[in-house]
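Here the structure is laid out as structure tokens; the discussion comes afterwards.
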Amino acid sequence: MARADLRRSDEMRRIQIITGYTMHAEGSVLIEVGNTRVLCNATVEDAVPSFLAGSGLGWVTAEYSMLPRATNTRSPRDISRLKLNGRSAEIQRLIGRSLRSVLDRRMLGERQIIVDCDVLQADGGTRCASITGGYVALWLACRTLVDRGLLPRIPLRGQVAAVSVGIFGGEPMLDLCYQEDSRADADCNVVMTGTGDFVELQCTGEERPFTKEELARLLALGRKGTAKLCREQRKAIGDAWNL
Amino acid sequence: MARADLRRSDEMRRIQIITGYTMHAEGSVLIEVGNTRVLCNATVEDAVPSFLAGSGLGWVTAEYSMLPRATNTRSPRDISRLKLNGRSAEIQRLIGRSLRSVLDRRMLGERQIIVDCDVLQADGGTRCASITGGYVALWLACRTLVDRGLLPRIPLRGQVAAVSVGIFGGEPMLDLCYQEDSRADADCNVVMTGTGDFVELQCTGEERPFTKEELARLLALGRKGTAKLCREQRKAIGDAWNL
Amino acid sequence: MARADLRRSDEMRRIQIITGYTMHAEGSVLIEVGNTRVLCNATVEDAVPSFLAGSGLGWVTAEYSMLPRATNTRSPRDISRLKLNGRSAEIQRLIGRSLRSVLDRRMLGERQIIVDCDVLQADGGTRCASITGGYVALWLACRTLVDRGLLPRIPLRGQVAAVSVGIFGGEPMLDLCYQEDSRADADCNVVMTGTGDFVELQCTGEERPFTKEELARLLALGRKGTAKLCREQRKAIGDAWNL
Amino acid sequence: MARADLRRSDEMRRIQIITGYTMHAEGSVLIEVGNTRVLCNATVEDAVPSFLAGSGLGWVTAEYSMLPRATNTRSPRDISRLKLNGRSAEIQRLIGRSLRSVLDRRMLGERQIIVDCDVLQADGGTRCASITGGYVALWLACRTLVDRGLLPRIPLRGQVAAVSVGIFGGEPMLDLCYQEDSRADADCNVVMTGTGDFVELQCTGEERPFTKEELARLLALGRKGTAKLCREQRKAIGDAWNL
Amino acid sequence: MARADLRRSDEMRRIQIITGYTMHAEGSVLIEVGNTRVLCNATVEDAVPSFLAGSGLGWVTAEYSMLPRATNTRSPRDISRLKLNGRSAEIQRLIGRSLRSVLDRRMLGERQIIVDCDVLQADGGTRCASITGGYVALWLACRTLVDRGLLPRIPLRGQVAAVSVGIFGGEPMLDLCYQEDSRADADCNVVMTGTGDFVELQCTGEERPFTKEELARLLALGRKGTAKLCREQRKAIGDAWNL
Amino acid sequence: MARADLRRSDEMRRIQIITGYTMHAEGSVLIEVGNTRVLCNATVEDAVPSFLAGSGLGWVTAEYSMLPRATNTRSPRDISRLKLNGRSAEIQRLIGRSLRSVLDRRMLGERQIIVDCDVLQADGGTRCASITGGYVALWLACRTLVDRGLLPRIPLRGQVAAVSVGIFGGEPMLDLCYQEDSRADADCNVVMTGTGDFVELQCTGEERPFTKEELARLLALGRKGTAKLCREQRKAIGDAWNL
């Protein structure tokens, strides 16, 4: 079964991670995965949500949104309907949990880092690109805190990256574009650490249930993809990574 | 590691599924899993959402909400904050996808069935109880359509049930109560069919990443739990199941 | 004129008041009046609304809501329309005023008790059932405060209960069910104390005005009904009532 | 017990009803009762709410609002809090029911008349002034329909007017101003027809319950007040009343 | 080209400024410009917005709204759509900026004055009437502060008034009524000080662009109109102006 | 008085207009003016707002928003406050009017073009950049309609571009950056056609009023700036401009 762009079933799309894309955020990244393009800006705030006040612990949260014309047909803005899009609500909770899984909340101290993921152009895999790019933006914001002498070192225990995998035309495939995703029988968003452990796993068989064996093949693909993405993250961060 | 209620690590809590709990809904179920108590009411509507109009296909959707004092401390109602709770948004999307996975949308025809899951009392596992109880409410609403001569038979291709599993004190455990859930290192919500295939899988390692091996053990527990729940569903439906 | 359920015109429906229905609330009651079923949960909070801060006075307020399928046709949730239902707004103000009328605000001290009235199943008289059941939930929450040594005794000066009466088919009738209520010429919600005084009186002649004589007959029926309800309240509370 | 403005206990404040106060509405009235000043504008719309479509019946509804500085301290606008004030919700439902009680819905036909009651200055009794003035605005809007040849005659079966009465310093008093109302033990809003029958009765004893005898004295005062208001309504409408 | 009301092209409509129109506000004005009628109430609050806390500076802000039937067809209230009308948002920002331009924020001290402009009847030029009348209400509220000994003198550096001018039928005209405004090729809202300097200038050529020469003629008319309005403001304030 | 970036007082910042920036929109432009960066996407819809249905006329409207971290400190999203930012409301109305001023609504026919202006990075002049870039996006969307054979030619009667000018340190300056704008005594947003006529003019003297002479100097600068911008627009469109 040939893919739209002639990739192999286990081949990622072209990845580009541009750091410092905007000038105001403490950490700013534009990530492109194929035609999907997400702007990830990390903001450091000195206050934490009220449930953490006085705890000495920090927090990372995420917001996710698509620009109205990031997609093929225009979607109205949330504010025009006065409701946060249900899909956005689900996705931003996933991004937040994923990023927090590698956070050393005590080392961060009573600060909150908000990672805004705004999709400029969508072609499948926007939540995974948000996690992968959001991690780099978060790292850069932490780096800013270190550079300002506010933290001794980066309060992250490892890397985290995400990729979508799915069964399309009966075959497991890595990194689905929109056209593939919309016709997949089942798909997983696999969030893994740099050491190959799981952080989040969201698998859906809305079209049909999937078997244990299919799951195993999907997870193997996911492991391959996230390993590749972790290499790209380190490349984007550059020499600072090893400091 | 002893559990709060002295259950074995692979033991479900007491399950009770009361059908016909309220008199107005086409399908009504009160499900109790331990102290968790969810009222699931299925409503049949003759119209479908606009994206399906004229398609000949039906739809199933879900709404999930907790009563303000379903939990240990009172939560304000969504309407008082003018925002759908983010957790509720995530959960009701999961319930809807899970129920649709066994739906024969063509056989249902251009009708929508809304499954309202209202948590009267929460003690962990409310989303799983909603899926398990919601399936029975959906089945009963379909039965009402059959009884009224509007459908030839139940437009469901199988059963679907859900259970939470998690790693708590280093050990995989089945069917977490709130106290266990809030201290778990990682947990999965496992949604499976009556034949043991996966419908949805949501695993989270917010406290720490989890390994492939841990995942395998969690999924095995999930399979055991959902099999038990499917038996309870059939028992609740009773003789009508075999018609 | 025969009533749907063959009751006499001055006969109440079957009343059941179950205390301790849920486990988290300081006071919890499930009240059933015929087919009407309302869950009343009372929550104690240590803060009062800002207009009472520093006054030494307490407050009781109520929230009222119907589950979407409490009625014959499904009503959308308030949050989906982003507006508190006008009828709910009117009713919860009535419940709050009624309960406050017997409250010793100074004895309660700077605490707020919120009484959530959620209608699980509606068949007429839901606001009256909410007041009658809400009173018991409030009493139980006060009892919890006494048991915890936070109050010397129950800060309530008496009982309060409510019943609907109406003119239906030209005849005054007690405790209207939905079918009767929807066809009544005029109806009153009568809120009275255990000693037979008025707390609130809301009479409406939307279909036609009503006379002074009709009002007198309705109020006499209301007195009879609330007396019966007060007995049921004391029975539900049990021996603790006399302590 | 002397009243703030030295009125007798059964004496109304000065009443002024100015018709044609604004130029756009089909019926426009500025009503002043003492210092309370309400602008009542009635708008005729050719459509009815969906639940009446095709029924051949008309509808009257009301909206009530206070300007931010109608009161002694400024209240934020509803839109700034994104919530309809609960008190306004309760009041506008009362106004709507009161006006509909004398409406011949079949004669009006499938039209809706919206009566906007905007309080320019508040000094107690704003809901009653809204009903009394709203009736005249509604009458004038109907008159406009008659004048345009769209209706054969005014589709109103009688008059409706409202006054507040209350127990203040132990004594029943007619037409409470704000200072009296805020310190009343109990108060009633009495809505009556021109023939002295009841349309709505809302009595509240938030400070203390009230007796049957007190109620009787309050209703007698209410009857006196509404009779006076009905005379003022007819005077404001003028000769057209008898056509 | 004759105007609807036979005015000359450089002639203002009749202006009336009634001070003390309502009794609660610190400054209250009803301004009429032709058939346009706006109630301007200024409220003094002891707190400033958070961005000014501790700065020693005061603030003036405005809110603008039209009653539903201020116009020829009824507009729904903002709260019924849950959105502040976009036009209102634009206008109230203009009013606020205009009034602040003559405010001595240091002399006012950490107080906020809110100027509510509610349009009772609209016939073009409501935003200009709001600025002109709002200035007088603001002046009166400041006067109240002086009278109470809270300020040494009026903290306003000058007058501000506004008028609309437009090109209608090819000719520049002063003070457009609604009928003229809705058919104008271009129009300006000119906000000027009592000494003839500009405070705000908002010119729009939605129908067609306008030239530098047309702009010059419009501004000259605006200067004439605002000079007249400033005289009316001083007349309304009366002798107090010179103190 | 030296400018932050050593520009002359009549010198524009570097301008870059990238066409085809995203792949889904009918017209897509990324405009950069100095550090200000706005993504302008034009969407063609086949329906018009209801007030134009059946008129044969088209419509152009705009939406404007800033990403949360487009600015130096993070702004919460509109949806988290449930309110469209007042400044955004004002700006998007300006953009819409400006673009409509050169639109041939009859030639466009019953179609709506929505121009979304999303500020990725802000450094002053975002509304002007939105108009200038939005015009190119609108032109490209029209071009798409021509290319698809749906329109005979571009339904725009000319060009429109905008620049901010202001008095800063006593001197009129062209194209203010944020640092200059926030300290300007007065500033104008000048919207002009390619032929040097005015489309919109919004001048504000919040800090102090400004004179007729100052206005004249500001407008001359604005004319110079918009002429330059119009050249850049034509350059970005390229050869297609002359077809």
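For reference, chains read A, B, C, D, E and F in written order, and residue numbers begin at 1 within each chain.
The working rule: contacts are C-beta pairs under 8 Å (C-beta built on N, C-alpha and C of every residue); 3 or more make two chains touch, one makes a residue touch a chain.
These numbers were taken from a predicted model, which means no experiment stands behind them.
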item	value
Chain pair repeating E-F, as identified from A-F, B-C or C-D when over half of the contact pairs by residue number coincide	C-D
Farthest-lying chain, centroid of Cα atoms versus that of chain B	E
Where chain B and chain F are represented by their mean Cα positions, the distance between them in whole Å	50
Gap in Å, rounded to a whole number, between the CA centres of chain D and chain A	59
In chain B, residues with contacts to at least two other chains	82-84
Chain order, ring traversed from chain D with chain E following	D, E, F, A, B, C
Contacting residues of chain B [partner chain A, same complex]	82-84, 86-87, 89-90, 92-93, 97, 100-102, 158, 188, 192-193, 195, 197-212, 215, 219
Contacting residues of chain B [partner chain C, same complex]	22-25, 28, 35, 37, 39, 41, 43, 45, 63, 65, 67-72, 74, 77-80, 82-84, 114, 116, 118, 120-122
